[in-house]
Structure formats: C-alpha cells, structure tokens
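Look at the two complexes coming up: chain A is in both, with chain B in one and chain C in the other.
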Partner chain A sequence: MDSSGQFHFPRWSNLLLPAIGVLAVTAPIYLITLVGYGASPATINVGYRPEQPVEFSHAIHVGELGMDCRYCHTTVEQAAFAAIPPTATCMSCHTNIHPKSIKLLKVRESYQTGQPIEWVKVHDLPDYAYFDHAAHVNKGVSCLECHGRIDRMEVVHQAEELSMGWCLDCHRDPTPSIRPRGQVTNMEWDPAMATDEEQAEIERIHKSLKSTRQLTDCSTCHR
Partner chain B sequence: MPQRKPTIPRFAVYAIVISIPLALLPFALIARVRSIHTSQPRLHFFQDMDAQPKLKAQATSARYADGRAMRPTVSGAVARGRLNIDDHFQRGKVFRDGKWTWATTYPDRVPITMQTLERGRERFDIYCATCHGESGNGLGLVHRRAEKLQSSGWIQPSSLHVIDPKTGKLTYGTQLYPHGKMFQIITHGVRTMPGYEAQIPPDDRWAIVAYIRALQLSQNAPIDAVPPDKRPALR
Partner chain C sequence: MTTLTPDNLQDAASANLADDPRRRAPLVTGDQDFASVTETVTHLALRKPPRAWYIAFGISMALLGLLGVLILYLILSGVGVWGNNQPVAWGFPIVNFVFWVGIGHAGTLISAILFLFRQNWRTGINRFAEAMTIFAVVCAGLFPGIHVGRLWLAYWLVPYPNQMAMWPNFRSPLLWDVFAVGTYATVSLLFWYVGMIPDLATLRDRATTKIRKIVYGLLALGWRGSNRHWQRFEKAYLLLAALATPLVLSVHSVVSFDFAVSQVPGWHTTIFPPYFVAGAIFGGFAMVLALAIPARQWFGLKDLITPRHVDNMAKILLGVGLMVTYAYATEVFIAWYGQSPNEQFAFINRAFGQSGWAYWVMVTCNCFIPQLLWFGKLRRNLWLLWGVAVAVNVGMWFERFVIILSLERDFVPSSWGQFMPTWVDMGMLVGSFGLFFTLFLLFCRYLPMVAIAEVKTVMPQAHAGHGDKQYDDVETDESGTADYRIP
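Let's turn to the complex of A and B:
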C-alpha cells in the first residue's frame, strides 16, 4: 500500500501473468477430474463393508467347504430377490457343529424366538431399479459378475460399482459375461475351461437373449 | 538510472512449488479411499428416489411389532396351489391294500428322464454333497471340517452305499429303503440330518431320489454292466 492507501500489485507480479493464464486453463480441468474421480461410483460405491450382527464368513462356507450359493440363497433361480436364509438353515448344521459357540449366540436366539437377525444389506440398488436375480442366473450370468469373489471374503463387501453405466456395459455387450448355466455359482470357472457342449450352450443362451435395443431400453430395468 | 529488473520473491516461489503437490493431495486421498473397505454407508449426495417407502422382500417395516415387512404365513392358512393333497408326490406314501405304505415308484408327474437325473445331480451336489460327498460316500467337506474341529456331537453322515449285514443288500437301496421313504427323509430329515423341505421343492427332491439310485448303481455295479466303450474311462 502506498501513502494514498491504495493497493498496487508489486512489479514482480507481472511476471506471474503467464502463470495465471496456465491456471485459467488447468483449474477447470483439475476440478472436473477431481469431482469425476472422487464422486465416481468406483470411489463411492465400491468397498462398502458394513459390520454384520453375526461374523458369518463366506470364505469358510463357500471357499473352504465348497458350499454352493444356492444351498442358502435358495430363491435365486426363481425370484427377483436372492433370499437371505432363515436361521433354520444355519442351525441345520450348527445344531451339531459349534453348537455352543458364542459367535452363534444371535443365530440360536433367532432360531428359538423366530425373530429374524437384522443383516445389513450390502448391495443396495436404488428402489427404481428392478434387478431380477432369476433372469440373470438363468441366462448364465454368474454371481461373480456382480458380487466378486465372495468365496474369498471373510466379511462381504461391495466389489463392483453397481451403477447404471456399469449395468449398461454388460447390457450392451453381454457375451463376455455369459457362461453355461451349470457353472453360474462356480467361482473358479474360466471360459478356457468350457467344453464343446458348454460352448454350444453359451451360444444357445446368447441367441435366446433379447436384442441390444431391448436390453438397453429404459423399461427393461425401470418399471 | 535503469530500473532494476523485478524478480519473483522467494515466498511466492515457495508458494507455487508447494501448491503443486498440495493440489495432487486430494487425488491421493481419493485413491486411498478407493483401495480400502469401509463400514460407513456411502456418501449419498443426491437422494433422487433411491429409497422409496414401498416394502421390498425381506425389508423391515415399523408397522409390525416384529419389524418384518414380509408377513409369516398365518397358522392354518393354505396358500393357493399349496394344498398338497397328492400323497405320493408330497409325502412319498401310497394307500395300498387298505394301508399307507412307502411308495416304491416315482410319482406320475416326475418322469424319469436324463433331464430329471441331471437335475437330480445338480441338486444333490448343492444340498447333499456338502455332507454326503459327491459320490454319496459320507465324506463331504462339511464332514471333513467337523472331523478336523473334533466337534462333539458330530456324527459322520451316512454313506449311501453301505451294505446291510443281515440281508447283504444296500441299507439305503431300493429294496430296504423305498423311494418314498428316501423322499420323506430328504423332506423331514433323520437323526442329525435336517429336513430340506424349505430349501428343495418336492419335484427336485424326487429328482434327487432318482439320482441317488443312479449313484448307488454306479458305485456298486459290476464291470460287465458298463458298456465296453465306456470302460477305459473308469480307473
């Protein structure tokens, strides 16, 4: 400030003029990239791993014991919703294995009182998206495609974005995500393992799919 | 007097040099958020109509004392199509010579075809093989783990291929253990085995019975019963 109380930029600030020009160009790019990266579904949706009321490990039950997904999630081939099993299903084994485990206290309580355990939903789509489990698994879309390697998770977390763009990636080109129906719950399956018979089945399923236009129609998922 | 050429003061140079890595810091933080798991629900900037008041499967509802949106069946009520009056199909029993006996045949609505057997195999592998093993020898992975843990009260699951010492026939074979009885055991369980009525619909239970018969045949067949061209595939 000079004697008249007015502010004058120092002379050296003129040297920064080109820098201001650079900033004017980079700042919007910076902001757009930052928001795009930070608010993308891959940042916000993936990795959600809520604490569950019971320490159920898919890694032990699926990974080690080789139990099929459908042993517990019995409705997945008939219904839109893949049901969380009743505690009776847990108790069918745990009456005899770890019958007194403290970790299973809530399971036994629920079994005796009939009051369900309140599991926390991990994969939660917006209520205006009508995902149908049966429609997908019966067309050879593996559990793995949306839920990731559940057989390796001690505690389930969300592995995929489950955003609209992510759904559409597959609805536009379903071929790479289709496998023979018999392998839908197989976490280790690899397309290279497909037998000729299975390859034929994949092609059959593919021919039976709706057109890309129908698969990407608004009302296919939003009703 | 020529003016001294202005230079950028040091603090300004420092400010610029520091601000560049600082500007990259948010990206590093986001990259970290992307690589970790969090128990916190996601940030939900735009609610749109993501959470609607409608009740969905297995959701909660404050309307009911037990908090369940899905209501349990009222005791004594029969849902449409669930009257279950086909005793052969639903209970494995037939009324013959004035009394109820285990069905020794399959119900009419369960055709014994390759398709049924394949279905039976798939369902057996899902629901039964965990304990009984894929070949039905009673050495499934759940059993192996229970044995490793030395879980008290655990009893080895039955092998479906044991021979009854008195008769020399398969204990769980067709002659000593009719189809209907096998069906009934899958439905309601026996000893420590739970019933699978809630998990497996009746037609699948019958398909499993048919597949068990195929397993029993395969595990106890003489080599002559195998077509010559298939023999090399066996050990």
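Let's turn to the complex of A and C:
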C-alpha cells in the first residue's frame, strides 16, 4: 500500500522474475535429486543395521568357521520363510564351546526358560509382497543375491534395496543370478569357476524357469 | 436506419431480440454507459450480496459438508460403501465423472470457439461460463480420485520414475484421460485467469478494504491498462483461445475412449467421440442456462445478459440437442444394420430391459423436451426455459447412467446382475452439486461475474466515431461530433 491507499507491487518484486527463472531451472534438479537419490530405497533402506539382543557374528560363524547357512536356517529349501534357529541349535555347540561366555548369557537364559530370543528382523518385506525362499534357493538363486556377503558381517545389515524395481531387475532377466544348486550357499563362488557340468545345470535351470512375463506378473508377488 | 443517441439508446432494448439483417442488435440494454457497466458488475463483488446469495450459499455449504463426510466415510470403510460391484464395477463415480466433465465443456466452447468466430454475444456470459467449466472439472476430477479406492495413492495415476519400476498402462484410455482432463483444467484455468486480469484491476481500483486492495492487487499483476498492456493481453488471449479450441473437442473424445476402446456391446462404437462431444456441449449449455437465468435475476445483470443472450443459448441448446438425438438414432440404426446379435441385444435391452426406464428418462429429457425450444414464445418464457435446461441436465446424467448400465448384461448370462446405488452413491452425487455451487457462489461473490472490459467493446459507445463514412445518411449533431451508432 502506498500513500494513495492503492496497492502497488513493491520495487523488490521485480526480482521475482529472475527468481522464477532460477527456480524453474533449479527446482527440477532439486526434485530429481531428492526423489531419485534422497528418497530412493538405496539411500533409505540399504545399510539398515538394528542392534540385536545377542552379538551374534556371521563373520565368525560363516566366514571363519565355514558353517553352511542351512545349518541354522533349516527351512530355507522347503519353506517360504528361512527359519530363525531355536536356541537349542546354538546350544548344540555352545554347551561345550565357550559355555561360560558372558556374551552368551541371554542364549543360555533362553535355553533354560524356553523363551525365544527376540531377534530384530533386518530383511523385512511389506506384507503385500509374497516372497518364497524355497522357490528361489531351489532354482539356484544364491543367498548372496539378496543378503550380500553375510560371511563378512559382524552384525547383519541390509545390503540390497529390496525395492520392487530391484526385484524386477532380476525377474526380468534371471539368468545372471542363477548358479548350480550345490553352490547356492557358497559365498566365494564365481560364475568363472563353473565346471562344464555346472554350466549344463545352469542351462537346465534356466530352461525350467517360467517365462519373463509370468515372472513379472503382478500376482506372482502380490497374491 | 436507426441511429442511436444517448437519448434514444433506451429504444435499443426493444430491438434487442429483433432480427433486422441491416444492423446488429444491441448486446447491452438499458441506459448503460461504460461507468454504469463497471458499477453493475463490480458492486456484486464489492458490496453485500443479495439475500438469495446467503440462502443459496448456506444450502451449498451443507451439501458440500455432506460430500466431505461421505468421502471420509468412504476412506474409512472402503469402496464397498458404493453400489459398485460385478458386473457393474463402474457405478456412480464414473457416471458423475463423465457428467461433470461434460458440463465443463460449454465454458471453453463459449470462451474460445465463439471468440474465434467473433460471436460478440459471448461477452455477456463467457466469464461465468468459464468459471462454471473450472468448477465442473473440479467436481469431475474428484470422482476418479476417490474411485481408485486408496485415495492417498491417487498420484499413481501420473507416470513418474519410481523404485517399483512400475508405470501406468500407456495403452489404457484411463491414462489418456488423466492427461486430457489435466490439460483441459490447466488451460481453462489459465484462460479464465488471463481474461480476468483487466477486470481484477478494476476491482483493485474500486476496493475499499485493505485486504481486498492487496489481494485484487496481487491478482491483477500490476495491470494499468496501458496501450502496451492491452496489446499483449489481446495477443495472449487470442493465442490461448486458439490453444483451448482443440481441447473442447479432444477432452470428451478421450473420455469416450474409456468406453469405446473396450469390447462391451453398446460401447465399442466409432460414433462415441463425436457423440460424447455433442452431449458434453449439450449438457454444458444447459448448465450455463440453468445458472444464467437465476443469476441475471438475482444479481441485476439483466442489461448485460439480455433476452437475446438467453435466446441464443436456447437456440444452441436446441441445435446441439438435435445432434444428440441424431447420435442416439444412429446408435440404434447401426445396431440393427450391423447385424451383430450382441449389439442388437444391448440396445433392445437398454430400451426394454430391466433398466429401460432410465433409457426413456434420457430420451424424454434430451430428445423430446428440448423440442419446445423451436417456438420463440416458449424460448422467451424464462421459467419454462429454465425447466428445459434442468431437464437436459437430468437427461445428460441419465445418458451416462444408461451407458454404464450396459454392463448389467454382459456377454455371459451367468454374470448378469443389477446395479443398485447405495445411499452413499446418492449422497455423493448430491454433494458434488454442493461443491460445484459453493465454488460458483464464491466466484459470484468475489470475482467479476461478467467480463467488464469485453462487454464494453461491444457497446455502441466503443465505436463512436467509427464507420460513419460507409453510410450515405450519416447524421451528425449540431456540435459536429459523430452520433452514437449501433455497431
């Protein structure tokens, strides 16, 4: 409002025009960066490392001692869910190894009371996404593909995005992620190491897969 | 030939409806000059509105509240509160969507196509017809939004790169709809606003309260009416009119694809796009009339929206009504001529099946009742004309309803069923009128209802001193200045 009682655009409002120009250029960049990087699951979800009730080290058990994944996660070849082992599984060794360790206090306690240890779930898919461990493992998809180098993790963290787009990357072109069934839990395996027999097995599995169209159908994962 | 002086301008009123080919009928009646036109329009926005406004606004707000509550109920309960179910999965929400989008067509037709065709009488009605368009599109946009069920995911309608690696189906007309209606809403809004800038400046200059001065001042974008401003304004307006013109035809064509691209008998026809466009303009003009007749009465706009304006709109309503009737007839004819048993069954079922009553409501309202408008005497009876306009709106709603009801009788008799709307369906239909009228009444209250600057250009005073030489019987008054002449 000026002295005449009329509204006039103040002088500084002339700056709005170049400001709009700057905004028009920078806003898309900002948005693309924000949405494409900032809000992406690669930024938000990868590296999720919750504190667990017991300091269980996969690096020691798998990496150093060379235990197979299926020693503890027994149901992985038969069921959708890869079972979290009962405390009894731990105690099958730890009754004799480090039986007095302070770190294993909670494990012994659980063994005695029968109350399971409340592990925090790291790889948590939304309820509307159906995932079947057995279907993947039996078709030669390694644990590594989704869980990363578990054998090097002191505390387990989420290594991959686990986003829908990430799932689809593989469902659209599954071949590079398939290995012989015998090597599924082998963290060190490399396609270059495949023997002729193994190569034949990979091709056999590949032929047995459903079509890409079926693999990418909505109801394959959303049932 | 008649010459008009300020003294006999009054005579123009009687000439308003006359069709004398030698001269144009006046488009502003009464003893109006530039100042009084400005006063007539601006006092609506700047003074206390008439009591009728408060009553109407109260009712509209109540209905809008109903709509809000029902949407909340829908979100909390899910789409099961509607009557939509197999086989009629598209129930009221789509009927209401097509109905409101159709209403939205008249505004752009009046503002863009009639502008390009130099139909000067559009100036009296274009502003509020455009406003009506925008509010109708708002109502239309609401229904697909809530029909997706999960309202908070409605943005999935828009294609954008996402972590789900998922895109809308580009081959689906439902996605084309998103673009068509989105474009239409944007261009209509822009057109409406740009056209309003000079009038907003008028309101700014006449505003008395501080808030209004600032708000109108901001909206007027510093308009000072300089020659350069006008030159740019006219150019921008012309370009926007040219941009908006194809949209009048494209939007409802795309809406019709929702049906025509499917394989349902009675939907899968090539006549759908032109038939839908004609229906949209029909319904839209009916709504303009239904609003204009009370508005000119309540807001004292009789001199600006003259009997001639109303008469012209009634004629267009009749003309477009005949097109719609022709489209209905063609549909039936092609069903017979095409010899497809499914198509034939669909049309026999429409007229004589379990929901045949809806078909006959549609035919009565859209084909028979508008025939009254052939008679000048009946066109000039405003009560009757208003009744016809309302009937056409009812009929056009039923047209979409009849189309949707085709789903009741699918290819497979085992899936046949009957659509029954629930009270929520009914409430939302009524509530959408609440939304529409609330917006419209707010517009009447706060914005220039008639294009002040444009109306002035079609007044005789705007052409004083122009075009005298072409007549031999030019009369000048004693002072030597040119007389006021009907342009």
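Please note the rule applied: the second predicted complex is superposed on the first by the 201 of 223 C-alpha atoms of A that agree within 3 Å, B and C clash if a C-alpha of one lies under 4 Å from a C-alpha of the other, contacts with A are read in each partner's own complex, and residues count from 1 in each chain.
Note that a residue touches a chain if its C-beta (ideal position, glycine included) is under 8 Å from a C-beta of that chain, and two chains touch if they have at least 3 such contacts.
Everything numeric in this text was worked out from a predicted model, so none of it was measured.
Once the two complexes are overlaid on the shared chain, A:36 sits against chain C while remaining clear of chain B. Of the two partner chains, chain C is the only one touched by A:5; chain B is not. Shared-chain residue A:116: touches chain B; no touch with chain C. Annotation for chain A, partner touching more residues between chain B and chain C: B. Look at A:190: by the touch rule set out above, it reaches neither chain B nor chain C.
When the shared chain is aligned, chain B comes close enough to touch A:128, but chain C does not.
Residues of chain A that lie in the contact sets of both chain B and chain C are absent, per the superposition on chain A. Within the complex, the chain A residues that touch chain B are 10-12, 14-16, 19, 30, 34, 37-39, 42-51, 64-68, 70-71, 74, 79-81, 83-84, 86, 88-89, 91-93, 95-99, 114-116, 118, 126-128, 157, 182.
By the touch rule above, chain C contacts chain A in their complex via residues 160-166, 204-205, 210, 213-214, 216-218, 222.
Considering their complex, residues 6-9, 12, 16, 23, 26-27, 30, 33-43, 45, 48-52, 54, 56-58, 60, 66-68, 72, 122, 125-127, 130, 141-142, 145-146, 149, 151, 153-155, 192, 194, 198-200 of chain B touch chain A. If you check the complex, the residues on chain A that touch chain C are 1, 5-9, 35-36, 40-41, 161, 163-166, 168-169.
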